[in-house]
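Shared between the two complexes below is chain A, which pairs with chain B and chain C, respectively.
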Partner chain A sequence: MEFPQELYYTETHEWLRVKDGEVEVGITSYAQEQLRDVVFVELPRIGKKVKAKQPCAVIESVKAAFDIYAPLSGDILSINKELEGQPELINKDPYGRGWMFTIKIENSGELQNLLNAQAYASKIKEAH
Partner chain B sequence: MNNIKTSLYEIHRKLGARFTEFHGFELPLEYTSIMEEHQTVRKAAGLFDLSHMGEIEVRGKDALKFIQRLIPNDAEKLADGKVLYTPLCNPKGGIVDDIIVYRFSKERLLLVVNASNIQKDFQWIENNAASFSGGKVINRSQELGMVAIQGPASQRIMEEAAGKEKANLPHHGFIEQEGTIISRTGYTGEDGFEVYAPDNRCPELWERFINVGQPQGLRPVGLGARDTLRLEAGLLLYGNDIDDNTTPLEAGIAWTVKFYKEDFVGKEALLAQQASGVKKRLVGLELLERGIARTGHSILADSRKIGYVTSGTFSPSLQKPIAMGYVETDFLPEKRQAGAEPEKELFVEIRGRQLKARLVGLPFYKQCSRRL
Partner chain C sequence: MSQQEKLIFEISSSGRRGVSLPPLDVPRKPLEEMIPTKFQRKTPPRLPEVSELDVVRHFTRLSQLNYSVDTHFYPLGSCTMKYNPRVHEEVAGLEGFSRLHPYQPPEQTQGMLELLYHFSELVKEICGMPEFSLQPAAGAHGELLGMMLVRAYHRKRGETGRKKIIIPDSAHGTNPASAALSGFEVIEVKSDSHGLVDLEDLRRTMSPEIAGMMITNPNTLGLFEKDIVTICNILHEAGGLVYCDGANMNALLGRVKPGAMGIDLLHLNLHKTFTGPHGGGGPGSGPLGVSEPLRPFLPVPRVKKEGDTYIWDYNYPETIGRIKAFYGHIGVIIKAYAYILSLGTEGLMKVSEAAVLNANFLRKKLSNFYDLPYPEVCMHEFVLSGRRQKKQGVTTLDIAKRLLDYDFYAPTIYFPLIVEEALMIEPTETESKQTLEAFAEALIKIAKEAESAPDRVKGAPFDTPVRRLDEVKAAREPNLHWNFP
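Here is the complex of A and B:
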């Protein structure tokens, strides 16, 4: 399973790509494989204030609904509209076209609470 | 983990199945993906391990008479070698379980019951057996395993695996040979067979079907797709869509209640309910906005709760969200008088959002090929 080096990770299986004061957020290839068949994604509205570790989006697979947690606090800057018509992008390209939303970084100190690729990979190993 | 493993557990594990707990059993949820396995059953055929299902055999001179008193449906009219779907009702008309009755003869019947209800049903039957003198009620759930083949290719696969006689069983017919029972039944809305055999013979049965069926597209299918298949076919799931507090009249299976029968447990209560009219009824719903209705979600009209969802999913065949649930009958078209106020808009509340929905007839999905 692939966990790109340049990304940050959470214990709840979100990834973050930091660029220019904002972060792009999606779910890891491990998470999408657990969910399988994603059929619907409920995204936060643009401008919404989200808090770190609070649920802010929902992914529905055929079987059940799963909460997605905001990895950082801040305002939602943009959402991936493509997921409306093609929710399966989360399965097909979790680190690319399957991105979910971006957050404007409020407190970059919060980044220190996140996992790097090695730490996340070993968490996954532990769980199995 | 103390879940019961079926005799096919090792086979599932080697196939890379993802497992789930289902009423105390460790069963495959999916092998590849629910979506893929669902399409396999609609287009070719799927093989299911259903060893968790319960089997209760009733034997004795008055076995048929005894069963007739327990079920609202009519097993007297049923021919030997045929099966019958029926609820088992409590004195209030609530559904103890929904079961399949296999009639071997007037002296021998087999009840196939839900895994969740094996103990409850057995107890219920025993408790009502006072008048069943000289008869026997035997719980065969542990000794019998079951595999099902479901899908349009089922008949060809059965013919190759077990011969013409079995493959040509009529719809709802069954045959018993050397301790194995094969019936033309299922829970997917497709043609298919269910095969009951002693637990230790199930692995060889499974391998045989896979070997013969693989070239025709037969693949193992888990409980996840079993649920989406049955929901599309408008078939009820005990514990979700029906339970001890819902009646067959409310659940849309009034056709299983034969009021002409002299007596059966629950008849009085069901007659009274029929006379006064049911207050809620099970309906099919389709969501008109993006989202998925799930068990327990509220159904609203005029910003008021008028019902609740009992089963919901994204339909892999129809590619849209579907659900079943109970709705107050005042909101159903047949109750509304002609020329009265226009049909109310319905909503399903999902995580605080109200999504538009509309009533649709059941089943959501109808098999295209000929039904035997």
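Here is the complex of A and C:
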């Protein structure tokens, strides 16, 4: 399973891509495989203040509904409107067109609490 | 029998009629005189045009495609799909009950009030809870009422900072939903390696912000939370309350009273434990029992006995008010009342005994063929994992679909979420040994097929009226309308 090196990861299976003071957030390839076919995505509204580790979005799959946690604190800058009509992008391209939202980084120190690709991969191995 | 029954619109034939109206025998009046033109529709409704025989055959055929407890074994974990004795329908249908109107004054409905009063007394005794509200429409409604009472209780004590509800990671999905809907924040507590609430993790989450905990006992793994008294003590010492989801009460009937475990709030699913039919045949009923300190907040009106008469009592100044039109789902309560009286104490004890025995019988039969992540003796249900079969490329969904070919309803799958590839099996107390053996044999055959002919399982079902439906497309692009050609 693929976990791109340049990304950060959380224990709750979100990934983060850092660029220009903001982060793009989605769910990992492992997470989408576990959820199976995604049928609905509820995203936060733009401008909403989110807190690290608090639920801020919902993914519904054929299996169940799941909370998506904000990996960092900050304001929501943008959301992926494409997911409204094509939730399957999360399954097809989890690290690309399946991105969910971006957050303006408030405290870059919070990045220290996240996992790198190796650490995330070994977490998953442990769980099996 | 046609395997693909057409929609009634598709068998419509222009000009065909089910009934012929007799000639008009009163003076004809222009329509405008009776209904103003602006309220008249411009085009007639496009109803299907069919004969009476078309209608009878269409709906009879549809009913024969139905899968139900009346036709098959239904081992749907957590749902208690047991047999609902027919005599309960007779009792609930008695004219003295079925022809009452909720607006009739109490002096005309004494029999019904007496039944509700006595029913409350019985469930109080069974559960060891000092008072019940019969208003909740079903289990999740009982949970919602429970959470509203927890809020009212803390508010009354001036502890408005208690905003968090603890819920185990094995909980029914309705638990966090009910807590969130009542304005609480949900905190998850982990299960330990035995599938029980992790006491250390629970102790760590205690704080002055904790309003309470929602717990299911036996839990959704079918295991009895043996530390329930300690759990309640931990919560009570921290100033919180304990809510018990009573969905699994058929495992405990006559054996242990939730009130004695330290539970403060408990709902019963009359439509599961006490044989109100459910699923498409509902409605449900979810009476809520509470401990002494919560009584003032219960909904009104409550049935009260004054001498030999029964009245509706609204005089509870601290009540949270009404949560349901009228008095609850009375028909289901009547069936539950008939069930309790016909079984009696010994009968109810046999219910829990048979529920637990049946589940363990199946668990043992299947434990060599499927992984059993929590191998402890179970209560009324147990959870297998299909991870061994998944290595052959056969998922739990495939196993569930294949069971349909063997004429069994599939168990609950992919729940609880803490078990990979979960198959949650609840045989209930009303099944015979022969049925359980036949079911076990089918699941064992499928386990063998997963090894020797995995495509057979992956392609299932083969013998059902429709094969595998595109449920992903159905969820993503629901099409709920008939489009006229």
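Keep this in mind: the second predicted complex is superposed on the first by the 128 of 128 C-alpha atoms of A that agree within 3 Å, B and C clash if a C-alpha of one lies under 4 Å from a C-alpha of the other, contacts with A are read in each partner's own complex, and residues count from 1 in each chain.
We adopt the following convention: contacts are C-beta pairs under 8 Å (C-beta built on N, C-alpha and C of every residue); 3 or more make two chains touch, one makes a residue touch a chain.
Values in this document were obtained by computation on a predicted structure and should not be read as measured data.
Within the superposed three-chain model, A:63 lies in touch with chain B and with chain C [touch as defined at top]. When both complexes are overlaid on chain A, the residue A:40 reaches chain B and chain C alike. Of the two partner chains placed by the overlay, only chain B lies in contact with A:84; chain C stays clear of it.
Touching of chain A by both chain B and chain C, each in its own complex, is seen for residues 37, 39-40, 60, 62-65. Contacts from chain B toward chain A in the complex involve residues 29-30, 33-35, 224, 228, 290-292, 294, 313-314, 316, 321, 351. Residue ranges on chain A touching chain B, taken from their complex, read 36-37, 39-40, 42, 58, 60-65, 84. For chain C in complex with chain A, the residues that touch the partner chain are 173, 414-415, 417, 471-472, 475-476.
Of all residues in chain A, those touching chain C in their complex are 37, 39-40, 60, 62-65, 87-88.
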